[in-house]
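Got some structures for you, see below.
You will see chain A twice below: alongside chain B first, and alongside chain C after that.
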Partner chain A sequence: MARKSRKANRRHPLATVVLIAIGLVVTGGGYAAFSSTTTASADTSASSQETIDEGEKLFAANCATCHGMNLQGTDDGPSLIGVGAAAVNFQVGTGRMPMAMQGPQAMQKPVQFNDEQTAAMAAYVASISPGPAIPDAKYLQADGDAANGGELFRINCAMCHNVAGAGGALTEGKFAPELTGVLSTHIYEAMLTGPQNMPVFNDDNLTPEDKRDIITYLKYLENNPSPGGFELGNLGPVAEGLFVWIFGLGAIIALMVWLTAKSN
Partner chain B sequence: MTSTIERADAHEAPVSKPAKGGGFTGAAANYIDERTSISGVVKEFGRKIFPDHWSFMLGEVALYSFVVIILSGTFLTFFFQASMVETHYDGSFVPLKGVEMSAAMESALHISFDVRGGLLVRQIHHWAALLFIAAIGLHMLRVFFTGAFRKPRELNWVIGFLLFVLAMAEGFTGYSLPDDLLSGNGLRIIDGLIKGLPFIGTWTSFLLFGGEFPGTDIVGRFYTLHILLLPAILVAFLALHLVFVVVHKHTQFAGPGRTEKNVIGYPILPVYAAKAGGFFFLVFGVIALMAAFFTINPIWNYGPYDPSPVSAGTQPDWYIGFADGALRLIPPGLEFVWLGHTWSFNIIIPVIALVGLLALVAIYPFVESWVSGDKREHHILDRPRNAPTRTAIGAAGVTFYAGLWAAASSDLMATHFQLSIEGVIHVIQAWTVLGPFLAYFVTKRVCIALMKKDREIVLHGFESGRIVRLPGGEYIEVHEQVDDYERWKLVDYEVYEPLMLRPNSKGKITGAQRLRSRMSKWFFEDRIAPVRTQELEASHAHGHDGTHGEIEKGPGLV
Partner chain C sequence: MAHDEVSGHDTAASDSSAVETTRGTTAGTTVIASDVVNPGEPPHRKRVTDVDPKANKTAQRSVYTLFYLSIAGSVFAVAAYMAFPIEDGDPTALRLNTLFIGIGIALALFGIGLAAVHWGKALMYDKEGIDERHPVRGTDATRERAVEIFEQADKESGFGRRTLIRNSLIGALVAFPLPGLVLFRGLGPQNEDPVELLSHTMWQKGSRLTLDPTGIPVKAADITIGSVFHIIPEGLNEREDRLEQKAKAAVLLMRLNPDDLNISPGREGWSYDGIVAYSKICTHVGCPVALYEQQTHHLLCPCHQSTFDVVNECEVIFGPAKRPLPQLPIEVDSEGYLVAKSDFNEPVGPSFWERP
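Right, the complex of A and B next:
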């Protein structure tokens, strides 16, 4: 009897866990709802007018010189009609835009705008020229099928970016950049919008799940150091050849000179 | 008819039996010697002399790397499956789980991830292979630039050259075995190269691959070549190469007491055997360290071969780089259809250039001996500067090879130095065509200048850096004479003169003779004679009877 009443008075042993879980679901869900609202709003141009106005000012001050006041493009920069929020987030978020100068391709630089400013510009551009939206966070967790991602990567990406994502040369000074250290969002957006010389891999070509798998594969490579030791830049036989000539044979010649040295 | 051979040792045996205080070693040695007569061999080999110069050990590095390759390769054969049967990977490397691949690739991954020590041995095998061919290359350059290929060693040069080619073939077949994406791309390039040859190309390719590329035979065939045929030939030639080293005895650099008839250095036993034995472990150690700390050929990144993907930055291992580079350098637009055949001169020209380069390397000793007309044996090495034309030809060859080699990494140069790949290719094209000429002239002039400097040093001594004011107010720099050991190195070399064009026994001058005379003029027209004894004495006498004793005036002060 005493046991029973005690039990009735006390909380269930799992109550704390349940409470924490509920708290997490509420905050996390709220956060997710909030984020998805921003994403959706960027897409449907239902974003708050304040953000869009802020974005317009930033655009006029930093982008319009080349892309035109109405996104129509000029001799110095392409039209932005139809690019959507994802393109803005990628180009500005990786520091490629605003460009320092015209060249074979826009170079990555230290990022000039904070996340809010970038989001504002993205919202502004999406409001007057809707296009691919900033990807849903569920595809960016690097929790997909790395094997499928690896296969897709080798077939679709490795010819420019190298099998290990070390980057590669294109024509006339252009190049496919290294992929280590690139945020999942930016990898996804690059596939979606095809920046610079990159082809567009739309959702019919590579489904969002495929894109998630590719991100999973790249993040696996990035987070798991080579089982064989230092990677020599993942550059393959050239780096290996240089290494064996300079350090391997170099060390051995040093030993040879030592072995045959005359004692004083 | 019968002949009788005296058993010389038979009656000596009882005499040598009481080994006086040799203990177990002595008794064991005696036991073996009485049954094998090995003491004669030990005596002969143990007393062989090897001169001590670091560059003489390059061949040893190649030999030791080869031993490491055989040891590690044997281990790998225990686990590798040379089969292109399709299978699905189910090992412990997550990003390839369930991926379809050949049994060869699957077993290579199995070795890398699931065999204890497998990855280390794989990396030892591959690093040792790279080092093996690099050491051979450097060894060949040493032999070339010091003239060690001259009579009686021409045939050994050719054997060494064959070893180099065999080593490259071994390397390429081994590189292709895992059936990964990178090596598959390499094979595809070779397939294209073969198919580009007129008439025989397509047939040869189908014969090699057992049908259309890639087929299902190539890994098995390369495996047989890689672990059976090529190593067998390689070991045979290697043994022959070493026998010739023993027969010819080692060459040596000029020095006091060193002649064409002796070898000065350490006997194999005990000094050299200890050094060489220790050196084997040093080489093995360097290879093991490289293999332990640096990834090589990460096939798990490359993934299984599939003819559709090609990775950026696809290169062969360094020793095939010159062939890849030649294909990258050849300008486009050289392919046309003629007589119902496609003539791919963008492939034929590189192939001719590569085969031509290798052929020149192989026959060079015979060319030089024909041109110089020298039929004597040479055991004293040349300093490179004392054979200016040969050294210049070598420098031109190295420059040409370097151009081809560099071109194989043109894309990496472009990305890492932010250049355009076309610009890189154009610069290397110019380098490969013009560079050898430039290298030839610069090297020849530098050699001749160095010989002039040597002559100057022998005759007038070297600048001591001490400035002295004479009673008359004149400033001079004191020159000091080199000692006899140093001087020997500077004066002990041979000079050839261009051959005279003379009619043969029939009173005719043949075309071959004209060519030979012209080549001889090209080789030996520019020359600096070594200082003769009289010159040296005259120079020293001049120094002694002058007012300033050992002090010599520099040329600028005269």
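Right, the complex of A and C next:
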């Protein structure tokens, strides 16, 4: 009896409210801390012989171990014949290449080369065999039809990348990355070249205008807050369910304990 | 304080009544073994608000503060509704509108609730009292009187005597829900065999494979290796029941290196130069299977992680699906467009009772 009353003494009537408030602030703050952006840009298509030579040197020093001196590929890396400048700009420009180690998929990491070096390597790879070029800037302005982009995104992309572009899991440790904070160029190049396990969406499937609309949709999502309030990472039922189970049910249980406890 | 005097007296009263309860053998307590002594109610414990006038004052203050806070919340919700109009359709305004109205209303309701409970717990009279449970069974006289009333009512109304009227009433009561049943039946499929509907799709010999959602026909040459095209049958967008048809006829078109495909006997002519078409409807519970990994050639269903191996005719390699995805036989017409050779050779989607 005495123990019970001492226990009751420790609880302030407003403790529950404070607890919920702390929980909300921690969750929101944690989410805000995670939203960071990466920056890298490359929009040159000029490929003089000098650039190509420069790219060849960089390629020989950094890429040839796995991809072969003549882009033919080895046991450690695929052939780069026909991948084009777009693939190089995407893989190197997002830091996926050079790869740190073999794994389920090449991870995004700090970019290893500056824009000039990336462009030089892209020019070199494109000079060996033709492939998709770095996209025209007029498709990258995010000024298309967001509604059409949204429909195309839901049909072609949302199953892997999530309807809000938050990314999602694939098989055996692979995943589709989130699309917020990704440069328009890289989104376009990814659709065009199908990096790693992503399928290719060539211009007969999604025309350049379609790709522009999809970029417009993604940039719209990025620049406009969700009208529904906290997104909780837009991860869908798992994140939302976890939140409700912990904070919703937690608050209900805390209130019940307070309701039924005797006043001290 | 007078308050305390009452409490002392009351505690004593409740203690004695507790003792009596153990001795008495009312219906509810007979199961208690005689050697177990009912300890009775614990002694009354005074609250801080009973003994410390300062704490009492604080409790009073927090109760009325919470009530005032509730009023403030209501006013805030009204003000927020005015301050963040949603007429212009701006999502930021909508978000702020719902957020602040919600905060205001939550404050208003929580304020009332918290204050009421706090008032009851900390300030209201809190002495323990016991109300004995009274027997549920009525006295014999009451029971006899009840039977008497029923018999009298039966006699006066003639319910038992006039059987024709009574039975017609029962008949009317039975008949009146029937229109509801008929109306509900009307919501179901009419003059259609559901088995037939589930067994066939819009695809037929010669129908072109067209892009979802535009309906633009696809040429075999358009499809590069590693591509995945989301396909609907030609003419789907013009149909009135396009959603019903799309739910069965959606197809995923992929191009692999022809050498990678393991084609079983009987399916040799179903693909074209590495281009294969499979139903997008999962054989587990019908989710759209569309997570295609172009290097591993695995197709993953997002709902329950069933994984299909496109190289081996979409056989199930993981997850709860039981059957491979049905393959749509395709060929190329004279203009180079991809067309279906026939409908699917088996029902698409999840199992159903009558499925062969």
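One rule holds for everything that comes next: the second predicted complex is superposed on the first by the 212 of 264 C-alpha atoms of A that agree within 3 Å, B and C clash if a C-alpha of one lies under 4 Å from a C-alpha of the other, contacts with A are read in each partner's own complex, and residues count from 1 in each chain.
We take it that a contact is a pair of C-beta atoms (placed from the backbone, for glycine too) under 8 Å apart; a residue touches a chain by one contact, two chains touch by 3 or more.
Predicted model, so just to flag it, every value in this text is computed and none were measured.
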| item | value |
| --- | --- |
| First (chain B), second (chain C), both or neither touched by A:226 | both |
| Partner chain in contact with A:204 - chain B first, chain C second, else both or neither | second |
| Contacts of A:175 with chain B and chain C, given as first, second, both or neither | first |
| Partner contacting more residues of chain A (chain B vs chain C) | B |
| Touched partner set for A:196, first chain B, second chain C, both or neither | second |
| Touching partner for A:252 - first (chain B), second (chain C), both, neither | first |
| Partner chain(s) touched by A:167 [first = chain B, second = chain C, both, neither] | first |
| First (chain B), second (chain C), both or neither touched by A:110 | neither |
| Overlap of the chain B and chain C footprints on chain A, listed as residue numbers | 151, 155, 159-160, 168, 170-172, 176, 226-229, 259, 262 |
| Chain B residues touching chain A - in the complex, by the definition given at the top | 52-58, 61, 94-99, 112-113, 119, 123, 127, 130-131, 134-135, 138, 181-182, 275, 278-279, 282-283, 286-287, 290, 292-298, 300-303, 306, 308-318, 321, 408-412, 414-415, 418-423 |
| List of chain C residues in touch with chain A within their complex | 42, 45, 47-49, 62, 91-92, 94-95, 98-99, 110, 114, 117-118, 121-122, 126, 211-213, 218-219, 222-230, 254, 288, 290-296, 298, 300, 302, 305, 307, 318 |
| Chain A to chain B touching residues, read off their complex | 104, 146-147, 149-151, 154-155, 158-164, 166-173, 175-176, 217, 220-221, 226-232, 234-238, 240-245, 247-249, 251-253, 255-257, 259-260, 262 |
| Chain A residues touching chain C - in the complex, by the definition given at the top | 1, 5, 13-14, 17, 151-152, 155-156, 159-160, 168, 170-172, 174, 176, 194, 196-202, 204-205, 224-229, 258-259, 262-264 |
